[in-house]
Every structure is written in structure tokens, then in C-alpha cells.
Amino acid sequence: MAPFQPADPAYDSRVRASFARQSMMKLLGASLEQVAPGAVDIRLPFRADLTQQHGFLHAGVTTSIADSACGYAAFTLMPPGAAVLTVEFKVNLIAPAAGETFVARGRVLKAGRTLTICSGDVFALDGDGEKHVLTMLATVMTVQNRSGLSD
Amino acid sequence: MAPFQPADPAYDSRVRASFARQSMMKLLGASLEQVAPGAVDIRLPFRADLTQQHGFLHAGVTTSIADSACGYAAFTLMPPGAAVLTVEFKVNLIAPAAGETFVARGRVLKAGRTLTICSGDVFALDGDGEKHVLTMLATVMTVQNRSGLSD
Amino acid sequence: MAPFQPADPAYDSRVRASFARQSMMKLLGASLEQVAPGAVDIRLPFRADLTQQHGFLHAGVTTSIADSACGYAAFTLMPPGAAVLTVEFKVNLIAPAAGETFVARGRVLKAGRTLTICSGDVFALDGDGEKHVLTMLATVMTVQNRSGLSD
Amino acid sequence: MAPFQPADPAYDSRVRASFARQSMMKLLGASLEQVAPGAVDIRLPFRADLTQQHGFLHAGVTTSIADSACGYAAFTLMPPGAAVLTVEFKVNLIAPAAGETFVARGRVLKAGRTLTICSGDVFALDGDGEKHVLTMLATVMTVQNRSGLSD
């Protein structure tokens, strides 16, 4: 993977400020972990009120943190003043989302002027190590000069 | 669309009982609306704590209700004793998820013995009518005879 | 579905001229059928040299005509001078691609300034009617003012 | 990535025999390169009759070899007598498919009893090295005991 050069040296604080405005992340109990050029990790402890009918995390929960990780991974490389929007994503649920803690790793595969392609992977962590539970392939858009939209 | 014949006449109560165990739906404030063979609708009122950084519903929220609507639409056609698992889905975010109420409509496109293909569409409702905000294409699995897994 | 207003009154001849340059369509024996604002149909007769190991059309063949149908459906709505590029797509293979003739129907779901979302469906036709064999959800890009790229 | 243990020691010859029956691969001029447990590479030289309107390989061509690479990567791990079917895939077109030769690398991410998840990546090769042009995320099915279907 090529190393990425951020277009805005303040990328770290911009990601953290935008993430703090995602009230959904607060509702889920998710927190930003790593923020690096082209790479963002989000951590989420298991909670019983985030589950589906079998007691595993709902796919919408693991998808939420994978989507935010992908979007902010793309955002680390965007120019000052840009806003980030998810265009689309595809998710494969690899294993039941059972574990104590989950981490979503968003990584930029290709950064274009308008569109950025990212992978997102969610791992369940417990005493035994980590298990791969979800993989995402996402397309993220850089939005510039659109009135009222900024990050 | 072909009319579907449910394999279990008790499909309605089984869907409602399983949905009631999805604590994530309760956290989001989502409720089951229509349940019919091959078709399930889920309703969600807007709430500020479900949003992303621009004040729209987080993609993970609209994806959550679309995923549950697709999974339960498939589940209406499954035989007694089967459990439902989402294999994978792809989502396009068509418009910002702004509105007073949202409805996710899960519909079975093709029901197979093991795999069922569903579409899911989320609409934002307000005084002006409805706006299409998300479309999902999902693959759902019928799981039978797996110890400990039932719906 | 909303009726679409083409931005270029010459959309029909532009689609046909661009399609004629897709040598892959000629190799497959595919032809343009319907061209309307937001809707393009492509027809393909079965041929034994287009098959996979079980004697059905290879998924790459049905995907090829679905992709071209989606791309050109989006292209019907693009302004003069624009070029069309597929960003991504997802395909579900609904049934084995067995039949005498196949038709791919590309339809615009949402036309944006930069990105257009399309559905693509492939049907197998024979004496008994039509069977749904593939469904595609695609994102297509309008490219303007990029040196050397036009349709 | 975990090392995979093939369930059938004759996996290599079974993959090669099945690939030889895909007449579409012959039409495209594609050949099998690497065959290893959980990993299959397919090579394709550029040809002008495989292109779209801008002179790049048609997305259906790169998708075809990625799909076959994913399907056969999954097939290397299937038990004797099983047949392989692609359930669905999603593709991102990362860069224009320009080059002298293309290689599609199919890799198993997770092999389950019924479903296998694979990634597929297509690279364009020329004197300057390789360029990533397509990434695929695919779901492949192991079919057993279905009358008339074998590989």
C-alpha cells in the first residue's frame, strides 16, 4: 500500500472534531482510536442493547463503525474545507459478531479527486485474540463548495 | 412480483417475536409495521442522537432498519424451526436521510432453499410526501438444524 | 419512477455511437434495443462460446450487458460533451443463465450531477416467457472536461 | 491469512478441468496461472476486441476473470463431488484497465461449509510494473448432491 500524503496538515483535529459531532457514535459507545493518513480505527465495547435476536451485535452496529472508519480514513486525505459523504458500500458478514470489544479498521485503497475507495474490516477482540467478523468495500465522496456542508 | 406462499402459517407471530428480541431496534426506536409473505416494513422516527456530523441519520441507522426489514421479509417464507442470518448486503445512499419519519421496506426478490435475495428501500416521510434515501440489495440465509440457533 | 428529461436532445444518437465503439459488445453479439431517457435495453442471443463450466452463460457475460445497459441508461441524461464511467456495481446471480435470448434492462434510479445510481436486470427469454437471472445495483459517473475522454 | 487445507487432494486437476470447460475464458484468451489452496490467478493479454468505448478493457472482461479467479479459489477447498456457483459479487473499478497483460488474483477470505467469501483483484501489467484496476468482494456457494451439477 502506498503511503499517503495528507492535503491538510490539520487532518487529525478535523477528523476528531467531525467524529465528535456524530451523535450516533456516542449512542453506540464508539470511540476514535488510530487516526493516520488513509487509516482510521474505531473501537466499540460490546453492549447487550446493540444486539440482534441471537445476542450478537446487530449488523447495523458493525456496519456503522465500519462506515465511519472508512469515511474518516478518506477524510484524512481531503483538502481543507471539504466535506465527506458515503456514496455506497457492500458488506460481508464473515462471522457472528460475538466478543468483548470490536475494532473497525478503515483503510484507503485509492484516493481520487472526487471519489475514494476504502476497505473496512471489523474484528472482535477477546482474551483469545481477534476474529474477523465483517469486511466492507466502500466508495466515499469528497464534496467541495457545496453551500452549508462542511466537516 | 410473484405472490409468495409462507411455509409456516405462524410466520407473523414468529417475525414479531424475533424482532422483539432485537434490542438494537429498541435502542433506535424502530417498530415493525407491515408483515406479509415476502414483505416487511419497519418504521423509525427521527431522533437527534441517531445522526452523523451533518445532522442527517447516520448511514448505519438506515442500514440497520433496511437489514432487519430484508432479513424478516426473507424469514416470513422460511420453514418452522429455521433461523435467519444476513450473508451480505450492498447499500447506495441516494439522498441525505433528513425527515420526520423513516420507513424501510424489505421485499423478497427470489426465495431459494438456502439463500434468499431481497431488496430494501428506505424512504423519508414528512408533510411533503416521501423521498427515497437508501436502496439495499441483500443476500439472506436460511439456517436449519444448527444447534443453538433459532428464531 | 419519475420521468427523466434528457439534457442533450441528441442522447439517442450519442448512445448508439458510443455503444458501436464498445468492441466487447460486438464480440459478445450484443445489440442495443430500447434507448429512452433513463432506460436502455441490450439484447444478447445465447452462444455456446459464452458459457461457464455448466453450460450457462458466464456471469461475466450477463454482467457485461447489465453494466453497459446501466452505463448507457445514465448516459442518456448526461449533458453534451460528458463521458460516462462505471464507478462500481454489485450483482446477484438469481438463477442459472439458461435461455435462447437475454435482455439486460438498465434503469436510472437517481440522476445526480456527478453520480447516477442505476439498477440493471437481466432476463432469459424463451418460449415459456422470461426468467429473472441477474440483478445489478450500479454507480455511474459523469465525467466532464477531462482531456481526451469523451463519448 | 490462515493457510488452507484442501479437502480434496486432487484440487489442482479438478480446477484445471473445470476451467477448461469455461468456453468464455477461451473466447477472452484467459489462462490459468497459479492454482494453490485458497488462491487462483488468471492471466489475460490485452486485445482490442475486448474493450469499451474509450479503448480500455470492458468492465465485463476484468469482472469475468476476477469472478472465475474467485470461484476457483473457493473451489480449491471444496470436497470431492462438489460444484461451485457464484452467489454475488461487488466490484469497484479503481483505474482504467489499460495495459499489456492483466492478472486476476482470487483469494479465499473465509471458507464456510456452504458459503465462501473471496476477494478478487485485477492488476494491469506493463514495463512499468503493475497497476491495481479492479477489486471484487464475492460470495461463492458449495453445491453438493444437486442432480446434474458437478465440476
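Letters A, B, C and D mark the chains as written, and numbering starts fresh at 1 in each.
Convention: contacts are C-beta pairs under 8 Å (C-beta built on N, C-alpha and C of every residue); 3 or more make two chains touch, one makes a residue touch a chain.
Please read all numbers here as calculations on a predicted model, not as lab measurements.
Trainee: Which chain's mean C-alpha position is the greatest distance from chain A's?
Mentor: Chain C.
Trainee: Taking contacts as defined above, which has more of them, A-D or C-D?
Mentor: Looking at contacts between chains, C-D has the larger number.
Trainee: Under the over-half criterion for shared residue numbers, do copies chain B and chain C use the same patch or different patches to meet?
Mentor: Over half shared, hence same.
Trainee: As a quick test, compute the distance in whole Å between the mean CA positions of chain A and chain C.
Mentor: Chain A and chain C have C-alpha centres separated by 32 Å.
Trainee: Hey, how far is the Cα centre of chain A from the one of chain D, in Å?
Mentor: 29
Trainee: Indicate the whole-number Å distance between the mean C-alpha point of chain C and the mean C-alpha point of chain D.
Mentor: Comparing mean C-alpha positions, chain D is 23 Å from chain C.
Trainee: So which bits of chain C are touching at least two other chains?
Mentor: Correct list: 87-88, 90, 92, 139.
Trainee: Mind listing the chain B positions that touch chain A in their complex?
Mentor: Interface residues on the chain B side: 18-19, 21-27, 48-54, 57-61, 63-65, 67-68, 83, 85-93, 149, 151.
Trainee: Touching chain C in the complex: which residues of chain B?
Mentor: 90, 92, 94-95, 109-110, 117, 132, 135, 137, 139
Trainee: Mind pulling up the chain C residues that touch chain A in the complex?
Mentor: On the chain C side, the touching residues are 87-88, 90, 114-115, 139, 141.
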